[in-house]
Each structure stands twice: as C-alpha cells, then as structure tokens.
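Below: a set of structures, written as structure tokens.
Next come two complexes built around subunit A: one with subunit B, the other with subunit C.
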Partner chain A sequence: MEIRVNPTRMEYNRLKGRLKMAERGHKLLKDKRDELMRKFLELIRENKKVRQEVEAALSRSFANFLLASAVMSSAAMEEAVMYPKAAVKVDVKTENIMSVRVPRISVAAAGEEAEDATPYGFADTSAELDSSLAELAGILPQLIRLAELEKAVALLADEIDKTRRRVNALEHIMIPQLQETIKYISMKLDENERSSLTRLMKIKDLVRGDETA
Partner chain B sequence: MFMYKVAVIGDKDSILGFKALGVATYPVTGPAEALRALREIERDKVAVVCITEAIAEHIQPEIDALNQKTLPAVVLIPNNKGSLGHGMRQIKKNAEKAIGADILFGKEGS
Partner chain C sequence: MLNVDRYAYAVGRIKVMETRLLDRDRIERMVEAKSAEEALKVLSESEYSDYLAELADVHEYEKILSAELLRIYRELRLLSPEEKIIAFFARKYDYHNLKVLFKAAHLKEQRPELLLPGLGNIPLEELVRAVSENDFRNLPLRMQEAAQKLVAKFAEDGFDPQLVDLWLDQALYAELADDVRKRKNKYLRDYFTSLVDLTNIKTFLRVRRLQRSKNFLAAVLLPGGSLDLLTMLDLSDPLEVILDRLASTPYAQVVAEGVQLFQQTDTLTRYEKLADNFLLERVRQAKYVTLGPEPVIGYLLAKENEIKIIRIVLTGKINRLPVEEIRERLRDVYV
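On to the complex of A and B.
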C-alpha cells in the first residue's frame, strides 16, 4: 500500500526525508526495546525469587500466629498489639530506567530503634506471639523489596509493550509504505521524462521533414 | 524529607500481626470496605500497600489502575489460609505482556 501523493520532485524529497527519519527512529526504538528487555528479565527473575521467599515466610509466620491465637484469647491479642512502638516509614526515591520512572523504596524505621518490635509486656502474652512477630518483622524489608520489584516489573512490562508496538508499526507499516511511495514517485518521474523526450524527438523529426520537403 | 507509610488491607486475623510492627492496618471484611480503605490510602501518603489475595480478588480493576501509577506499589500477600497463587500469576502475566511468551513458568506446563 502506498500513500496517495502527487508525483512531484518536491514530494519525492519530502518522503525521502521522512523515510530517513522513520528508519532512524526505528533503530533507536529497537535499541530501547532491547535494553528494556534486558532490565526486565533481570528484575522479573528476582521478583519471582523474592515472592517465593516472602510467601513461604509469610505462611510460616501466619502459622505461628495461629498458634498464638490458640493460646491467648483474641481480646488479649488485640490488646497486646494495639499500640505499636514504632511506625514503619519508608523513603521513596525514583530511579530512571530508560525513561521509565521506577520507585526505589527503602525502609527508614521512624521512632525509637527498638531492639525487639514487641510493643507489649511479656507478662500476659504467649511466647508464640513473640516468635511470630519477630518473624514478621524479619519479613518486612523483603516485603518492601517485593513491592518495589513488582512495581518496577509492572511499569517496565507496560513500557516494553508500548515500545514494541511502535517498533512494529514502524517496521511493518510506516517504512514499507514510504518505500513504496518513493518508488512510485521515482517511476512516475522517470516515465514523465521519457515521454517528454520521445515527444521532443518526434517534434524534431516533424520539423526536419518540413524543412527538407 | 517526607516519609511514606506502609499499609495493609486484609481480613482481621491475617493482618493483626502487622499492626504490632507499626504498619497501618485496614481490617476489612468485604469488597465495599476494601474499596473504601483503598480510597483512604490514595489520599494518604502511602508507598506500599499489601493486600491479601482473598480481598484483592474482588477489587482487581482498582488494583490494575494503581499498577499504572508510580506510587503506591501494590503487593498481593497470602492470607492466613494460604496462598491463592494470584501474586505469582501477576508475575506471569507481566512476563507474557512484555516478552510475548512465558519464560519463567514454562516448566510447569501451564
């Protein structure tokens, strides 16, 4: 399929410029896609690993928690965890991966840096609750790392999808279309040239014939 | 420097432990409450939202919308009854979207 244009030399030059631009853009986007893909593969492998770890650790912690709730009454448990010692705060920076803005989240525990995170006295709580909470506290940094990774992976997947569409549109539609059209114009121009040449020769013959006769 | 918060949405039994650590907890029982909690979180400065898979199931469109933005980051976590596999499926979906084929989970034949 070619674009409908007037077969003029001006149009020809314009299309040549566009083709050059499209080819350059295509090459750049292809590089972008490849680099994004490389990063993506790195991240998604890690994402999978971290998620498996977190899920395993969380179910372990939940099991402990279940034990704790079996030993203590639910009211006592709620009371025990009611007032946390420290609030979990995180610090967010953004990182730029091939112009995709990806958050970098790091834990910055505000409040006093307590050695153990248990916000309750040990008098009327069970040991199961202690160990379950300690485990949960251990998971938290990984959980946040997981959040960061999953976000990055999701954003990158989006961007890769978009970039790939663009690359394909350029490669399979724009560039062939431009090439076709340029070919069409150059053929038309050549054709015009030939026809005017033959016309001139014919006229010359006619004029010569008149003179000799 | 401003600090962001971490939030957890889920059924009460699953998220009680997080409360003791100082994470903002939003105990919910159904999708309607979960949506309300999510709205509240959007207004707050929250960087990481953990949602249990059992709840996330019902509010998937909203979660997808959040996934488009830079913040907050949504993580699906298993609840106390075990993992439903949504989190892993999400990774798989992302891989398929980006690469066109699933390369990570190919061995399982699904």
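On to the complex of A and C.
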C-alpha cells in the first residue's frame, strides 16, 4: 500500500529524504534492540542466580522460624517480634542502561547496634528464634538486590518490547510504504515525461505537416 | 486446721485430673500420625475433645491450646484453697499483656489478638487503662516501678522494644522471687531457682553467641537464681571452661549434653529440651506429696508442659517435619 500523495518532484524528494531517515532510524533501533537484548540476558542470568540463592536462604530460615514457633506459644512469639528494633535505611538511585532508567537500591543499617536483630527479652523466648532472625536479617541485602534486579529486568523487557515494535514497524510497514510511494511517484513522473514527449513529437509532426502542405 | 489440710479436697481432685493427662503412648501416637488431622484425632479421646467439634481447620489448633490453658487456670483458681498459688504462675501472663500493650501503644496499633484475657491476675481493662493513661498506681509494686521507669526512659531516649521486654522480665522475676521467699515452700523454691538458673545459663549462651557486651548480659540475667553467672563465667571463656565451671552445679549434666550439640550445630534446641525435662523432673516431686499445694502446682505445670508438647507435635505435623525433628524437641511427660 502506498501513501496518497501528489506525484510531484517536490513530494518525490521529500519522500526520498524520509526513506533515508527511516532506514537510518531502523538501523539504529536494531542496534539498540540487540544491545538491550544482550544486557537483558545478562541481567536475567544474574537475576536467576540471586533468586535461587534468596529462595534457598528464605526457606531455610523459614524452617528455623517454624521450629522456633513450635516451642513457643504463638502469643509469646508474636509479642517478641511485634516491634522491630533494627532500622534499615534504603536509598534508591537510578542508573541508565541504554536510556532505560533502572533503580539502584542501596541498604545501610541505621542506628547503633544495628547488627542486633533481637528486639525481645530472653526470659520466655527460644534460642531458635535468635538464629532464624539473624538469618533473616542476613538475607535482607540480597533480597533488596533481587528486587532491584527484578525491576530492572521488567523495565528492560518493556523497553525491548517497545523497541522491537518500532523496528518491526519501520522494517515491515514504514520503509516498504515509502519505497512503494517513491516508486509510484517516479513512475508517474516518468509517465508524465513520456506523455509530454509524445505530445511534443505529435505537435512537431503537425507543425511540420502544415509547412509541407 | 493445719495449713496443708485445706488441700485434702483439692489434692483428691487433682489426682483424678492427673489420670486424664496425655500419657507417653498418646503423644507417641500423635508423633507417628501420618497427617495433622490424624494427630488431632488422637486428642479426641482426651480432655481436648470438647474443642475439637468447634474446630474448622487443623491450622487453628492454637485456639484449642489457649482455650484449654484458660480452662485449667479457671478451674484451678476455684479448686485451690489458696488462690495465690495459681496467681504466682499466672503473673507471667499479666506481664505478657503489659508488654503487648506497651508495644502496641508505641506502634499506634490495636493488637487485641495478642492479648491473653482471663489468664492473668490483673483484669485486662485495668492494664489497658494504665497504659493509655500512664497511670500505674493500681498495679503491683514491682510492675508499677518497672512501668514508670520505662515511661520515663522512653520520654527521654525514645522507644526501645527490647527494653520493654527486659525490664518487665526483670520485674516479673523479682516479683516471683519475692513471693518464693515469702512462701517458704521448698518445692516452689526449688522449681523457681532451677527455672531461673537454667534460663540464665541459656541466656548466657545466647548472649555469647550474639557477641553482646557484659553490660548487656547483666541487664538480661534474671534475678532469683542460685548461680551468680556474672562472676562465675566470662563471655570470652571457651565452652570447655564454661562446662567446667558449671560442673559442680545440679545442671552439670543438662549443660554438658546440651552444649555438646550447641558446639556441633550452633543450636540450643537440645539444651532447651533438656532444661525443660530437668524442670519437669523437679515438678514431678509433687507426686510424692499427699497433702499440700505441691500437687496443684505440679498439675498446673504438667498441663502447661502438655500444651507445649501438643504445640510442638501439631506444628511439626502441619508442616510435615520429619519425625526425628519433632522428637528432637519433644519434652518428657509428667505422668
């Protein structure tokens, strides 16, 4: 399908310009897509690794927690952990990957004795609670790294999707359309030229016939 | 009438109630059960059967346990000629409620599900009122002092949840120790001293593992025990030295065995179990007393122990823990 245009030389030049631009854009976007893809695969691989680690660590500490909760009454357990003591400061910055803004989250424990994750008394709590909470606290930085990675992956996937759609639109619709339209105009122009040429020849014949007559 | 004679009726009834405690066979059947439902079924032949009908789901087993605990306290309060005996053991629930209220107030939340109404000696409304109005005048002296100290401290340095637990625990055990001194009952004194000593040894090991300071240790050790751990032991001592120093105490065996596993796996699971068993052995002495408060106390503690066992088994069953993991934590039974 071509674009409806006036088959003029001016339009022809304008479309040629557009075609050139589209081809250049297409090439650039394709490069961008490939690079995004490469980064994406890298991130995905790391993401998978971190996720597996986090999941293993989490299930381990949940199991610990479970055992701790088995030897304490649920009310005592809840009371022990209802008010957390350790505070964590989370700082979010953005990083630019191929003009995609991905979050960079940094964690810093805030306050003194921040490594101390036991906000409870020792009289009626089980020692198993100590270890499971310490383990949970240890997972936090990794958990946040995972959140950062997952968000980056999602954002990149989104961007890849958009870029690919643009590349495809350029490749399969925009560029062929332009090419066809250009072809149409050039044929129309040629046709016009030929018809004016024949008209000229015809007129020339007529004029010459008048002279000889 | 002699003081102990008043217990004739109570002891008679307790002896009957004791026969209804879960025995080792029942517990064993629960442990061996294929599913949590099946384990629960074992309970249907016991005192717990009344609650089972109302239970929609195994996961709500905690409801059964708290209902049973409430029933036992209520019944023993009526049964015991001296309510004070029961009040002694109920006091921990007052302190639990106070801790929850303090923390909830600072979280600006209502956490009614964590409160234990009906178990403690002080009506819950009184505690709620005391915390919300900052007026602790009607509370027992030790509790009142601790609460006022906490409020003053928080006004100055901000809220610290651990302090709530630590100071109130201190107050609770100081209050219990006062009581033990006043009552002059050897059985109660032996039990309480062992409880405090074993808890303190455990706390010592926990503080040592968490690598906290000696000052912190001094703040968490409970009053009322027979050992002065602060001077006996040092946090930097290797485990062998600690074992050695405790070798002349009655807890030598518990510590030796418990610490063995602590060295290998860094868990105090075995120690906690052995300590509970040690205490239960002390509690069991009540069986040889025919008249007096001892059987009542013994039954109460046996019941608390039984509830703990059921919780361990059911938690294990619901989460499909291997049988050994459950056994590892299973306490002895009283009967």
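As a working rule, the second predicted complex is superposed on the first by the 207 of 213 C-alpha atoms of A that agree within 3 Å, B and C clash if a C-alpha of one lies under 4 Å from a C-alpha of the other, contacts with A are read in each partner's own complex, and residues count from 1 in each chain.
Keep this in mind: contacts are C-beta pairs under 8 Å (C-beta built on N, C-alpha and C of every residue); 3 or more make two chains touch, one makes a residue touch a chain.
Just so we're clear, the structure is a prediction, and the values are computed from it rather than from any experiment.
For the composite obtained by overlaying on subunit A, subunit B and subunit C can both be accommodated side by side without a clash. Within the superposed three-chain model, A:E79 lies in touch with subunit C and out of touch with subunit B [touch as defined at top].
Of the two partner chains, subunit B is the only one that A:L146 touches; subunit C does not reach it.
Contacts of A:S131 after superposition: subunit C is touched, whereas subunit B is not reached.
In the overlay built on the shared chain, the residue A:S69 is in contact with subunit B and with subunit C.
Touched residues of subunit A were counted for both subunit B and subunit C, and B has more of them. In this overlay, which is a superposition and not a single complex, subunit B and subunit C have their closest Cα atoms 7 Å apart. Residue overlap on subunit A between the subunit B contacts of one complex and the subunit C contacts of the other covers 66, 69, 78, 80, 82, 84-85, 118-120. Residues 66-67, 69-71, 73-76, 78-80, 82-85, 116, 118-124, 126-128, 130-131, 134 of subunit A are the ones that touch subunit C when the two sit in their complex.
Of all residues in subunit B, only 1, 3-6, 13-14, 16-24, 47-48, 50, 67-68, 70-71, 73-75, 77-80, 82-83, 87-88, 90-91, 94-95, 97-99, 104 touch subunit A in the complex they form. On the side of subunit C, the complex with subunit A involves touching residues 62, 65-66, 92, 96, 99-100, 103-104, 106-107, 111, 113-116, 159-162, 164-166, 168-169, 172-173, 199, 202-203, 205-207, 209-210, 212, 220, 222, 266-269, 271-272, 307-308, 311-312, 315-316, 319, 321, 325, 329. Across the complex, subunit B is touched by residues 37, 40-41, 44-45, 47-48, 51, 54-55, 58-59, 61-62, 65-66, 69, 77-78, 80-82, 84-92, 94, 101-103, 105, 108-111, 117-120, 132-133, 136-137, 140, 143-144, 146-148, 150-151, 153-158, 160-161 of subunit A.
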